[in-house]
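Next come two complexes, and both contain chain A; in the first it sits with chain B, in the second with chain C.
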Partner chain A sequence: MKESLLEILCCPLDKHDLELEDAEYDGDEVISGTLVCSECGERYAIEDGIPNLLPPDMREETPA
Partner chain B sequence: MGILENKARARLFYKYLSKVYDQINPFIWNEEMRAEALSLLEFPDDAMVLDVGCGTGFATEGLLEHVDEVYALDQSEHQLEKAYEKFGKRGPVHFHVGDAERLPFATNTFDVVWSSGSIEYWPDPVRTLREFRRVSKPGGQVLVVGPNYPDHTITQKLADAIMLFYDEYEADRMFKTAGFEDVKHMFQGPSYEPDVAITTVARAPEN
Partner chain C sequence: MNNDTDTVAGDRDPEETREMVRERYGTIASDGQDCCGDVGIDVTDDGGCCGGNADVTGSERLGYDADDVASVADGADLGLGCGNPKAFAEMTSGETVLDLGSGAGFDCFLAAQEVGPDGDVIGVDMTPEMVSKARENVTKNDTDNVEFRLGEISHLPVADATVDVVISNCVVNLAPEKQRVFDDAYRVLKPGGRVAISDVVQTAPFPDDIRMDPDSLTGCVAGASTIDALEAMLDSAGFEAIEIAPKDESTEFISDWDADRDLGDYLVSATIEARKPAHDT
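Our next item is the complex of A and B:
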């Protein structure tokens, strides 16, 4: 993802802004890092450039 | 509630369905139907377009015939893998893993919000449509393709057991309750089953 994407992204839970932490770049692409909600502190991973913005109860490791 | 309206079940279902989805999908939703649905939309220059429940990217491909970039979201990483193969991870499609009901996008962002073949898995369609309205710009268009409620009783029972089906009256109620205006419906399908899908297009209010 491009860092400019942050302008239109928000926390899926409370819709507050997200802040980018521990970012690794490939040119202008953020290839890994963590998006952190400025309000509730929930953390969302960026893996291979794709942000995973699933709420915690729907993530892969959550039992079905 | 149908068995696939539970998101965890839908996720598991798609983990396996993704392997064959593009082979079986053209029988219910094909390029002709996609083009017909796309013709209902207006794309301004540099349109911001969101594809909710993009899956393997069939609709995304159609949207890219009208715009240069598409924002796409799906809850299933297995479905998305197929879409990555088509478009690459860093091409014209900006991919997000996420939930249709709890969108990770800012208010008033999109000119067009598209969703085909996803509504039948939403546990609370009105709540999800409200999310669509929230992320739409004022006057922005939303288009949803879902399964039309079958006419025959036996098929209806089967339909109710599996997932959400709805008719134009129910679609009208859902979209209007979610705050949309200018709500219109169109039935679509291949020649042998012309009413299999219901496509609804609506607008977010101007203010």
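Our next item is the complex of A and C:
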């Protein structure tokens, strides 16, 4: 994902802003890292450039 | 539990429904076809939700023209839609587009051509296998204005009032909580933003064997709402200029979704359009 698009993302639970942590880049693309909700603190992983923004209770079937 | 007034097909728990849908479309993403199993709904080569096996002829029946199909690299068009949102979304250069249930990304790549390098297209899908496939297709299509997120369409990970157009193709019927989907679409749209959705709508009550059949739900049949129900949900979400137009010609491909009966007796593909008021009230 591109960091510039972070501003239109939000936490799927409470819709607050997300902050990017531990980002690894390939050019201007964020390849891995963690998106953290500024309100509830929920953490969302970015893996292979794809942010996993499923609500926590829907993540069980997703690849680790 | 939710308090939605829309009927959850087979009276299933929303979570159970989502899991069934995710499992099926994960398999389609991995295998490319044979989504329908052996419970009456036939896998055909003619496209449609159930086909999972696109070819040019099938895609043209859904409303794409040959140029659309040729303009996107192979692998994104799984033939799982029931219309062509691009044809009526009237996307223009620089707009931000959100695709609900983006699958392998075909409609996103078409949208990306419409909005150009100054626009952005975001696809949201809850199936990891689909999102992975879509991301591979980004590389194949050499585009840099399309992104995919793993997410769920009644819990959109998209900020308020940031999107010009919400598109979707044969996905909302699969959602167990449709009111929440429309509420969240309304939230992410900018004032004056619009939805342009292709989806199946129910034209006659389903017999119990269709209504209760899990494969009928995940095959884009049993979860379809009536036009009246959809209008009520869009209205409740706050939308105006709601227009739901059945496409009579769609019964041709819908009839092919099941070998044993004519699903065209119960379903038609429709275009679903609505607008968020320019001044939010």
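The rule is simple: the second predicted complex is superposed on the first by the 60 of 64 C-alpha atoms of A that agree within 3 Å, B and C clash if a C-alpha of one lies under 4 Å from a C-alpha of the other, contacts with A are read in each partner's own complex, and residues count from 1 in each chain.
FYI, a residue touches a chain if its C-beta (ideal position, glycine included) is under 8 Å from a C-beta of that chain, and two chains touch if they have at least 3 such contacts.
Just so it is clear, the structure is predicted and the values come from calculations on it, not from any experiment.
Asks: Could you check whether chain B and chain C clash or fit when both are placed on chain A?
Replies: Aligned on chain A, chain C clashes with chain B.
Asks: Check whether A:G49 is in contact with chain B, with chain C, with both or with neither, and answer first, second, both or neither.
Replies: It touches chain B and chain C both.
Asks: Name the contact category of A:E3: first (chain B only), second (chain C only), both, or neither.
Replies: A:E3 contacts neither chain B nor chain C.
Asks: Once the structures are superposed on A, label A:E19 by its partner contacts, choosing first (chain B), second (chain C), both or neither.
Replies: A:E19 contacts neither chain B nor chain C.
Asks: Residue by residue on chain A, keep only those touching chain B in one complex and chain C in the other, then list them.
Replies: In chain A, residues 1-2, 5, 7-13, 15, 44, 48-55, 58, 62 are touched by chain B and also by chain C.
Asks: Across the complex, what residues on chain A touch chain C?
Replies: Residue positions touching the partner: 1-2, 5, 7-13, 15, 17, 44, 48-55, 57-58, 61-63.
Asks: For chain C, which residues are in contact with chain A within the complex?
Replies: 15, 18-19, 22-23, 26, 96, 120, 122, 124, 126, 128, 131-132, 135, 144, 147-152, 155-160, 162-163, 187
Asks: For a test of understanding, state which residues of chain B touch chain A in their complex under the given definition.
Replies: 7-9, 11-12, 48, 71, 73, 75, 77, 80, 89-90, 94-99, 102-107, 109
Asks: Which part of chain A faces chain B closely enough to touch in the complex?
Replies: Touching chain B: residues 1-2, 5, 7-13, 15, 18, 29, 44, 48-55, 58, 60, 62, 64 of chain A.
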